[in-house]
Structures are given as C-alpha cells and as structure tokens.
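Labels for the chains are A, B, C, D and E, by order of writing; each one numbers its residues from 1.
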Amino acid sequence: MTTTIDPPERRETAVDKLRNGREAISERWHHAPRWVRWVLLVAVIAFFYALPNKEFYQYLGPIPTPGANFTQVMFTVSIYVLLAVGLNIVVGFAGLLDLGYFGFFAVGAYTVAVLTSPSSDIKTLWPWLLVVPIAIALTMVSGVMLGTPTLRLRGDYLALVTLGFAEMIRIAAVSSEFLKGQRGFNQIPHPPGQYADGRPVFGVLDARPYYWLVLTLIILVVIGVRNLTHSRVGRAWISIREDEDAAQLMGVPTFKFKLWAFASGAAIAGLAGALFAGKQNFVNSQNFELLNSIIILAAVIFGGSGNIVGAIVGGGLVAYMIERFRGIELFGVELYEYRFLFFGLVLVVMMIFRPQGLIPNRRRAAEFKDRRKEVIVGE
Amino acid sequence: MNFDGLFSNFGELTTTGLTQGAIYALVALGYTLVYGVLRLINFAHSEVFIAGAFAAIWTWNGFGLDQNSQVSGVGSILFYLLVAMIVAAIASAGTATVIERVAYRPLRKRNAPPLAFLITAIGASIAISEAFGVYTRRLPEGAPILVSSKPLFHIAGVPIDAVQLLTVGAALVMMFALDQFINRSRTGRGIRAVAQDANTAALMGVNKDRIILMVFIAGGTMAGVAGLLYDVRIQTLTYSVGFLLGLKAFTAAVLGGIGNLRGALVGGLLLGVVENYASGLFGSQWKDFAAFAVLVVLLMFRPTGLLGESLGRARA
Amino acid sequence: MRQKLARVIGGVAMLALVAGGTACSSGSDEEASGGSACGSKIAFFGALTGSSAALGINEKNGAKLAVDKYNKENPDCKVELAELDSQGSPDQAPGLAQKAIDDTKILGVVGPAYSGESEAAGPLFNEAGLVTITPSATRPSLAQQGWKTFFRAVGNDLSQGPAAGNYMKNVMKADRVYVIDDQSAYGAGLADEVKKVLGPAVVGSDKVQGEGKQTEFSGVVTKVKAANVKAVFYGGYYQEAGLIRKQLTAAGVTAPLVAGDGVNDGAYITSAGAAAAEGTILTCPCQPSTEARGSFAADFKALNGTDPGTYSDTAYDAANILLAGIKAGKSTRADLLEFVKGYSGEGVAASYKFVEGGELDPAQVKVWAFKVQGGKVVPDQEIPKS
Amino acid sequence: MSDTEQTPAVPAQAPAPAVETVDQREPLLEVDHVTLRFGGVVALNDVDFTLYKGEILGLIGPNGAGKTTCFNAMTGIYQPTEGQIRFRGEKISGKKRHQITRMGMARTFQNIRLFPEMTALENVQVGADAHHKTSVISALLRLPRHWKEEREGREKAERLLEFVGIRSRMHEFARNLSYGEQRRLEIARALATDPVLLCLDEPAAGFNPAEKEELLQLIRQIRDTGVTVLLIEHDMRLVMGVTDRIVVLEFGKKIAEGLPAEVRDNPKVIAAYLGVPDDAA
Amino acid sequence: MLLEIEDVSLLYGRIQALHGISLTVDEGEIVALIGANGAGKSTTMRAISGIRPVASGSIRFAGEDITKLRADLRVRRGLCQAPEGRGIFPGMTVLENLDMGAYTRRDKAGIAQDLARVLELFPRLAERRKQPGGTLSGGEQQMLAVGRALMSRPKLLLLDEPSMGLAPMLIQQIFTIITEINQQGTTILLVEQNAQQALARAHRAYVLETGRIVKSGTGADLLHDPSVKEAYLGVA
C-alpha cells in the first residue's frame, strides 16, 4: 500500500529517452537558421500539394489508403485538419471545452445546402461562391448565439452544454421539414472555374482541386490564426485559459474575447462545412453524428492542444488513421470494424502517458511535467 | 404542437415517464456519486450501465431463455430476476472498478489536469461501447418477457402494470439502501468526508483511493440494477443505447443538483416525465430534443440544480 | 504494422471472410482465358459494417451467390466481386465510388444500397460511365437526376406505399390506422404515400429516430394504445420495427403492424420475438418464392450459412444482369451500360426491364403482401395496383 | 471568515490627529460603512475609511481579520451587503472587473496568480493591453494599429520589467521564474495597466529580509511615480517602514487608523497581534 | 524522539517553499512553530501530515521513516492534524465530525470514552452535537477541529493556527485546553501566529522565516527575545 512516486518514474525511462530525442529535434528546429526553417517549411507544403497525385503517391509505399480512393481520403483529411485548427482556437488557446464543435460544421454545410440546392424549400439556387461568405457569417452568428448564454459556464459544464446543443442541432436536422432530415439536399453546386477546354475545374471525379483548395485555405487560416495568437487577442485568450480571474483583473474583457474565440472557431468550422457541401454535392442529417465532434476534440488534444502544428497533425492523423484501417485484415478480422475501439483505447493510453499530445506546446509540456512532481505522497 | 396529444394521454405519459425516470435516476446516482467525490463527469458511466444490461440478458440466455421464452410462475420469475440482478450489479460494479483502476487512477497518480480526465472518460466510453458493439455484431439482443405489462389496476383511469411497479419500486428500494449506506455506515461517512474536503479526510485517516473505489462500486451497482430494469422494460438491448441514456441520466443528476443523492431521484423522475410530455406535445422525434433543451437551459440558468449541489453538504 | 498486415485491396476477393471468419485467400488471381471480359470485376457497394450493415450484408451475399454460380458455370472465365463498405454513410460514398471508378477492371456495380449514399455517389458513377444497379435504394428522386448510369432493380416508394395503403383499406378494412415513420428518406416516403391513400382513416402519426438511435418507444406506444386503432403502419427498417412491435405487444396493443420491404427480414422476427411478430403484414415490390425462384434460397443458405434476407434476391438478380452482360462479351463499361439499358429478362424476384431514368418498368413491378406466421414470413397475396 | 458572535464590542473609531491634515487631500477610494455577510457570517462589519491620492496606505490585521475580504470588496470582487465603495467618486459595485481595471485600479495576489505559460514579457503585455484597442480584425490583418500598439506595449513592458529588475528574464515562462521574480513580475504586470491605485496583497509573504528591503524600495519608487498604493501586509517592519497611514482590522472591524507610530503603540493593536499574555487576561 | 524532521525541502511547482527544515519533537512536549505569513509554517505541517510530498529530506515518526507514507496511514500510526482553516466537514453534524476523527479506530468502548472526554472538554460542542458543522461559529469550529483531532487518540497532535480568527477570550480558552491536553499525555506540535500565547505555553519553539528555521530555543527564551517581537510588530 505504501506506493511511492518512484515506480512511475523508473518505468518511464524508455519513454523519457524518446521524449528527450523529440525535444532535441524541437530544440534543433528552434535554433536552426531562419532560411533552413523556411526551406523545410516550403518542402513540407510542396509535399502536401503533390500528395494526391497518383504519379507521386504510388511510390509512397504504405501511405496511400488501400480501401478507398486516396485523393478522396486526403480531401476528408484536409477538412478534419481545418476543423482541428479551428477548434484549437477554442480549446487550445482560450481553454473553452467545446464538445459540440461539429454542430458549426453542420450549420455551414446546411447554409450552403439550403441556399443552393434545388431540393431546398426556398429555391434560391445561388452559386456556391456567393453562399460561402453567408455560410461563414451565419456560423459566426450561431457561435455568438450559443456563446452568449453559455460562456459563463466553466469546464465540464460548458462541455456538456455544447454537446447538448450539437445534439439538438442534429435532432433538428433530422426532424424538421425545412432541413429535410435524412432525405437531404442534392445537386449542391460546385465551386466555379473551368479549364481551357471547358471542363469544370471542380468536377465530380477528380477530388484533387478540392483538396488543393482546402489546403490553400488551411495555409491562409493558419497564417490568420498565427496573427491572432501573436497579438493582443491571442494574449487575451491564453490569459483566460491560464487564469480567468486574474485576466479579468488585468483588464481583459474576458467575456468578449471568449465570444471571439467561439466565433472565430465557428467561422472556420462554417468554412469547412461550406467546402464539404460544395465538394460532396449532397448533404443530409447522416453527415453530422455526435461522434464527429468528439473525434475532432480528441484529435486536437491528441496532436497537442494549444499548438497549431499539433492540431494540424492531430486532425490529419486521426482522420487518416480511421480511413487507413479500411481494408486491412488481421487474423481474419476486418480492422475497420474495430477502428473506434482502438480510437477509444488510444485516447485512454494517451492521456495516461502523454497528456500533452504528440506535438505539445512547449509551455504545456512544462506544466504537465511540473504537475507530476506534485503528486501527493503515496496516492 | 398537439395539446390534444398531451392531454388525452396525460396519465399514461406520466406513468411511462416516471418508469423511465426511475431508470434515469438509478444511473444518475453513479454520476452524482463520482462527481461528488472526484469532481469528475464519469462519461464512461453509460457503459457501466450497458455492461449490467448485457450481463442480465446473457444470464437469462445461460438459463436457456431467449426473447421468445415465456416464463410463468411467480417463483421462477423472481428467481430469474434476482439472479440476473445480482449478476448485473456485479458486472456493472466490476466494469466501474476496471474503469477507475485502468483509466482514472493512473491519471490521479500523475496529477493530470481535469481535461485529461474528461478525454479519458470519453475514450473509455467509446472503447467499451465499441467492444460490446463488435461482440454483439451491433445487433440487438432480446430479453425474455419475465414480467407482464398487462394492466394490473387503474388509478384514476390510468392503467398501472407490473413492470412499472417493479421498476419504480426497485429503484426506490435501491435508492433507500444507498441513502442509508451513505448516511449511516462508516464507509458512507468516509465518502461524505472525501466529498466535502479530501485533504481533511486524509488527515482523519480516510484512504482516498479506497473511498473512490467504493464510490465507483456503489454507482456501478446502481447502474447494474438499472440495466436489469431496462431489460425487463424494453426487452431488447443494443450496444449503443448507453450513450444517450447516460447523457440523460447525467442531465437528471444535474437537474436535481449534482452530488446530491436525493436530487438524482427527483431529477430522474422529472426528466422522464418532462420528455414524455414533450413527446406527447411535439411528437416522439422531439423527445430527446426536449431532454437536451432541459439540460442546456438548466446549466445556463441554474447550474446547481433544483436541490442544490454537493454530496453531504445538505445532508446528502 | 503495415508490412505485416494482410492488405486486402478491393480487388482481392474475400469470399471466406463471412463464411468462416478465416483470412482472405480463396480469390484466384489466374488470368482466365476466353473473352476479353474475363478476369473483370463487378463491385458491391453498401454498408457492410456499422449500424445499418445487416441489409448490406444480405445484399452482398446475394451478389456473391450470383458471382459464385457464374464462376462455376464459367470456370475458364471468372469474374470477381469487389466489396465496398460504405457504412451507409453519404460522406464515405464519394471516396468509395471513386475507388470503384479507379479500378478499371470493375465494369459494373451492384448498389449503392441506400438512397442517401446513392445521392452522394451517383454523380461520380454518372461521370465515369460506370453502370450501377441498386437492389434497394427506393427513393423516387434518384431516377430523376438525369444520371445515365442509374438503374433500379426494385419498384420505388411510389409503387409500394400506395399498395400498402390499399391493402390496409381494402383487405384489412382498417378504418383507424396509426402511422409511424423513422424520418429516413425511405421510411418517411412510404409513410407519406400511405397517408395519401388512407386519408382520414389515419387517426394519428408519429416519428421516431432510425438507425439504431432509439430503442425506447414508450411515448409512441402510449399514443398508439390510446388511439385504439385497427392497424399500425411503420415506415422504416426492421430494427426499429421489431422493437416497436415488441413494445406495442407488451403494452397490450394487438392491432397488426403493417410495414414495407425494409422490415421484410428475418431479423425483424428475431428482434420482435416470434410471438409479438405474429400477424405482421409486410409489403414488398417483389414476388414470393415461386418456381421462378428455383433453388435460390437453398443455394444462398449453402453458400452463406444464413437464410436470404431482404433484398438478397434483388441483389442476386442485379448481379446476374451484370454477369449476363459480361458473359455476352461486354468488356467495357460503355458496352455493359448499353447492355443493361436494353436488358430484359427474368430474375428470381421479378422480371426486369428498365425504362426512362433507370426505373424498373412499372409493368414489371408487382407488390405482394406477406404475413408473419409461425415465426416465418409467408406470402399472403398480390396487392392489386390501386 | 472571522468570528464575530463572541467578540467583545470594540469601538470602531480611533481618531488620529493626522487624519485631519490629510483630509485636505483628494479622496481616491472611499470605503463607506461597508458591511459584508456570507450566509450567516459577518465578514466585514461597518468598515469605514478613505484612501487619498498619492499616499501609501497599509491595511493590516491578524490572520482571519478580514483584510483580504476587505481588499476583494474594494477591488470589486465582492459586492458589499451594506454601504458602498467609491473609486474616483464612482460606485464600484455593478462594474465589471475589467472596467474597474481600466478606471485605474490594479492589484496583485496573495497567492501569486500569473499566467504561468506565458513569458514574463507576455504577462506584462496582457496588462498593457488593458488600454489597447486592437480588435480581432486588425490583429488578423495586421493593420497599422496592431503594429503600433504591439510596439508600444512591448516597449512599455520592457520598461516595467527593467523597473522591477527582471528584464533579463523577460523571455522566460512565468512558471520558470523564482518566487521573488514572480512577485516582481506581478507588480510589473499590474503597473502595465496604468493604475492610479495599486493594491498589493501581501507582497512580502515568503520574502527574506533582504528581499523585503528591496520591495520596500520598489514600493516607494512606485509611489514616487504618482501611483497611490494600498498595501495589505503582515510584516510589520515593512508596513511601518513604508506606509504613510495604517488601518487595522480585527474580526472584520476597524480597530485603529492613523500614522504608523500611533498604530504601533496602540494597545489594542498590540493585543491583536501578539496576543494577550496570560496574566493580562 | 517522537518526531524527527531532517533537512526537509518542499516545492510548490517550481517554487521552493521549504529549504532544508530540521526539527524534533520529544514525547510529552508542546513545540511551537512561529513565523510570519508565508514563512512556511503550514507547509511544514502539510509535509509532516503527508498531504504535500517532500522533495528531499526525511521525516521519522516514533522511529519509523514515514517520508513516503500515505497521509491516512500516518493517522493510523498516531499522527493527527487539525488542519489550518479548521477543515470542518460542513455537511456533517458535530457528532459525525467527531466520529470522523475516530475513523481509523475500531474500539467502540474507547471511542465512546474519548467522545465523552471531548464533550467534557468542550461543553459548547455537547450543546450543539446535532448541528451541522457548517453552521457553527468560528470559535466552535475551532474547538470541533481540535476535539476531532483528539478523537483519533493521537500520539502527536498537530495544531495549525488554532487561534486564527478567534476573539481574545476564546484564544485564551483554546490555549488552556491545549495545555490541558498536553498534560493528559498528548504531544503537541503547534503552528501559531499568536506568538505571545504560543511561546508562553510551549516547552520549545522554532522560528521560521522564508522556509528556513532561523531560531530555536525554549518558549520562555524566545518570548523575551527582542528580535521575535520585532519580526511581528516591527518594534525595534
């Protein structure tokens, strides 16, 4: 019974080595000359632009997904990355636990669907490009509407209210006549653009242009988010996350900035929803399961909440791994069937051994280390 | 809005609501106990419930009973109920223990932040639920009809049947037992002490780990009984029903004042009734919507619930 | 991990998987001789895992039987069946559709099984000119989107719904009916048609959540009980139908349940329990097992180890139509598409001939009523059109 | 909170002659007969005093006397049950905390509350941001205002870190600073909000004599820049050394007010602090 | 030697709160620990009772090394603390609170005996035995905390600021009781801000400053030490 703090520390030597190795890499990265970093960054971005080309990915060994078209999978992955970047603002920076983030994605997608689809009741049939800003704006408004009454709550309670709201949106989507439930909206227009020979750029068969579009938008969004975090706004968010009372007493209008965090996160989700609807051509209530919200949140924390790179890696990896399981068979068992089982287990194990995420914020990592030292004797 | 639908069925909606609410209440106890002691929303509690519900069905299967079986004779019915109840309670308490040991205790030992607990709870919940899903091939499993739901008698024209009596009765008995346990026993006192002030409790010689384990076991037992009652009432079980039921049970716990045992009862019954009224008023598809609306409105305007928070602060 | 896993790319057959749960292997990769269509593939597209999987598995097994038979009859010119597991979800559908399109050996597709995923995948198939024959997506609008490659091996909701209504009105003489649906495209569509036919005889209606989301129907049951009806119609799938029937019976409602082909599955009786399911009327735009069906049921059981379920037969027929084309030497997608367009012939479930938009020729659509008796679904009578 | 039920009535007024002279000065913060109850417990009982512009006022009392409660009421965290608190002539209750800060009141915390995962510089910048107007839009697009305020805030932050003597540590995360540095950082952060009134809650707790001496100097320097200081402190040496005037609380009541020397010799204060010796009881 | 603390250091996060504290308590003594706010008095108590982990150093109790022993097991060995801020369980009645003190004990007769003794020591508590702890006044809560600690029949009783927030009359009373308890055979380690009283009662005392022990000696010596007076009142 007289357990001590020693055993866990001993057990972790192997993990520590790994961790040290990673830290060394991160150190090296932070001390590398500017141009080296730029070259590497450009190389990484170029890699991701090249990725959906079959001429390229067929040489990548096990990376392409065996069970579904890789380009289409990459599109899904990119949407998840965009969502993770958005949720990271809310959860990672402002520290607001949002379990209903996918609801905003639904708002974005439905706005596009309702305003563009011929099966919609209002028959506006507007082009996609015109509707995108409307979708983003509406999602922001819905973020503010959800945030205004709920952002007074903290921690777990906020998580539950957001979860409740997302579920209400889903039930409304299923049950209300206007949102067409499972019947959904079809023939949603694609983004505009034509090749010289008159073929549309954003056709049905080739998912690459969509992927490139999302990838480009991700880069823009990341630049925007970086701008925010390196400003008064970002400082306000982090100070709220760190100590909300102290932030208030230092003159931070916490409510306003929490609302902004919610609204910016929502806007990004709305953009993702609009892109999804434009690519998918069809939107119905089956697209918005609650599990998706949980997956995105887990992805952000998995990658390393509070760190943009972490969120990107988390969102990408989680979405990719789920698809990667498709078509893999082990001991006569189709692994795809078990993907969420693994997902759940990974979350548990991860929180025990690496709660700060794969690529943590340097600040966060220190916090977790410190907390461990304060373990109460014998407990 | 269909006021006629509400008023013409008012009595039946109320009794079904109360029956359903009794099950919510039993599950809510688990949330309330764990929250009271650890300030943690044990998301995985819904799967503790599911474990009990499956255990009961599989017990009956073990006796050769399936969904087509008819059992007669009060003695054998009681026997099957009792055995299944014990197995279900053990299965649920066992699941709860495993969750606490495997998922939460390592986090406590590492002094992890609350967010880590929440994510772990979600992870554990998904993993357990999926394990049942894979095992049952995501198909529903049927329970034998042990208790007839033919009306026994009428109160003011509203029929009352044996399932309703059994469900509400068993829930009340279990609650009473738990209440006595918390308020009268030495362990119960330890639970209340840890809930009110864990550090001081440790200074009194209370072993917090043991108390936490007891809390999970007590909550698990209640969830196991709830699982059995669910089987008796619904007679079919799918691996995925836990999530929604768990969420509603949590709503019930918050409604009554989380951490407050008697609040869980009040909250459960109230929620069951409210959502049934809503399904009468707006249509069944809006039933869950109503439950979530209650949760959201409540958290926004009175997060301490109807009876106030905290285990023991208001004498449990 | 990656290297050690047996990777099953869509092309490798995995016949043994369902039968015995053993590893994949039995697919033969040998290049068959004979016509150029030899060694080509047809694909099955539908939910094989997830909460809506049962229907998909029924269909896949039907298609598998067809391919199996074909390969036995043509040992020197084999065809493979590729399986694409969509989980019935529209957002997975485009990736899988493209997967099928990318595989140039796939000449035709049986599926997509559900209407939602058909909506999402249809444009891709149309663009690629890959012919699809759905054995079960009954949503009327699918045929109205101008897809050249869409064909439907069953009647749509517009044929079945009125038939169910007529049956209740004319055969059951039900003057008080309660209508429930699961808000799915299929279920709500059926329910709407039934309501149109029955008019004022519908004394109440309610909606529930499908896809396994709801298992507790006390609210609906209370209302049905209070409405004191002669029949209850349910538009939706067997899973919820079984639960509703069970809970209705438990609550003492004896009025028979009437439902569409989505409930016409053995799993319905399992989940409701034989006693509660007794007397349920199930409509289906398909014929009962007559001589024409031959040894289908027995063969199916021999291959898959289970009885055929809903749409196993239509999937079998759909696969056979594609296989007939391949046998006839149609070795390109365009040729096969043309072949299907002009196809006319007998299957085990119906006679097939496609009209404008890919719909099954209305003359071929026969709606039958079946009845649950003694724990089995037995044919009752053909329902006259209107 | 403090126990009042069995407290022998202590006369609240302790008129000191010095009060007459400072009365001429401009009042900055007025605590006007404030009573504060939590449930049944009376935490503050008719506390009444005024803080004048430019002075250093010490608020002292034994543990549990209600100092921090009083402090929290003055900074707008608690609403008084009775009476009111006016800052620069305006009633504080009902104002949002960040508004009070913008009106010119800043504080530090008894148990240091920095933003541990921000650098020292960023911590101070948060304080400086109190008067900035950069919106989400201008930060997103990096409009000129963002650059201007960012530069201005950074310069101010560096100046203040220099002032409290930890500029060399400005890129460290706050959690990595030593205890003394954290205390100083808190003061710098509070000063960054451009306060008229700086409230220090036990800034010397845990300091050794040398550090206390430095703190004393720092407080004087802050006053010399024109900032009024309210000091809650336990360490009498520090309080006696730096304050212009002292208010003494015990059991939620004011038991003395006046110049340091007067307060020190007040028998009631001595009794409250050292305890009454056995023979005196 | 009942309690022996050697070179104990303790961290809060990265801040060092104790810098190598060493002190001893002999059987039968009252030892006082005095110092200004933030000097580390309560932290020392927490290290001894085990609700904060120590970073280095050792704590021995009755000859056993308890440095890494869990808090509740320390209680079982006879080391009981009445925590700072009293730590009354607000939702429990006075009697239940007292029962909590005897949580580790199973001898019903002994418990009943001790309960009688505590109620005799604190007649106020006897009057309010059915009242929830949260509704007691500060002084009564303090008595309850001390009484509850006594219920565990400790070998060593740790009292953290028993006079905090009490009126002089009550302070007087509490200290009288402390002396009485000690005379009945309980060793006491006392943290106090009320130096006058604590030093007058203690056999020995330690003065803490910024996490270090700067002075020690008999209570009487320190009571008349001008530097102690200065530390508290700033009187030179």
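Basically, a residue touches a chain if its C-beta (ideal position, glycine included) is under 8 Å from a C-beta of that chain, and two chains touch if they have at least 3 such contacts.
What you see is a predicted model; the values in this text were computed from it and never measured.
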Minimal step count in the chain contact network, chain C to chain E: 2
From chain D, the most remote chain by mean C-alpha position: C
Relative to chain A, chain with the most remote C-alpha centre: E
Inter-chain centre distance, chain A versus chain C - centres from mean C-alpha coordinates, in Å: 36
Between chain B and chain A, distance of the C-alpha-averaged centres to the nearest whole Å: 33
Chain A and chain E, separation of their C-alpha mean positions in angstrom: 52
Shared-contact residues (touching 2 or more other chains) in chain A: 171, 174-175, 337, 367, 370, 374-376, 379
Residue numbers of chain E (touch at least two other chains): 13-14, 50-51, 70-71, 73
Contacts with two or more other chains, residues of chain C listed in rising order: 49, 183, 207, 209
Contact footprint of chain A on chain D as seen in their complex: 75, 96-98, 101-102, 106-107, 109, 113-118, 122, 125-127, 129-132, 134-136, 139-142, 146, 149-150, 153, 173, 175-176, 189-190, 193
Chain E residues within the chain B interface of the complex: 49-51, 70-73, 75-76, 80-83, 87-92, 96, 99-101, 103-104, 132, 134, 148, 152
Contact set on chain B toward chain E in their complex: 186, 189-190, 192-193, 196-197, 199-208, 310-316
Residues of chain E touching chain D in the complex: 13-17, 36-40, 135, 137-139, 161, 163-172, 193-198, 200, 209-211, 229-235
For the chain C and chain A complex, residues of the former touching the latter: 2-3, 5-10, 14, 17, 21-24, 49, 85, 88-92, 94-96, 98-99, 101-102, 115-116, 119-120, 123-124, 126-128, 139, 141, 145, 183-185, 188-189, 207, 209-211
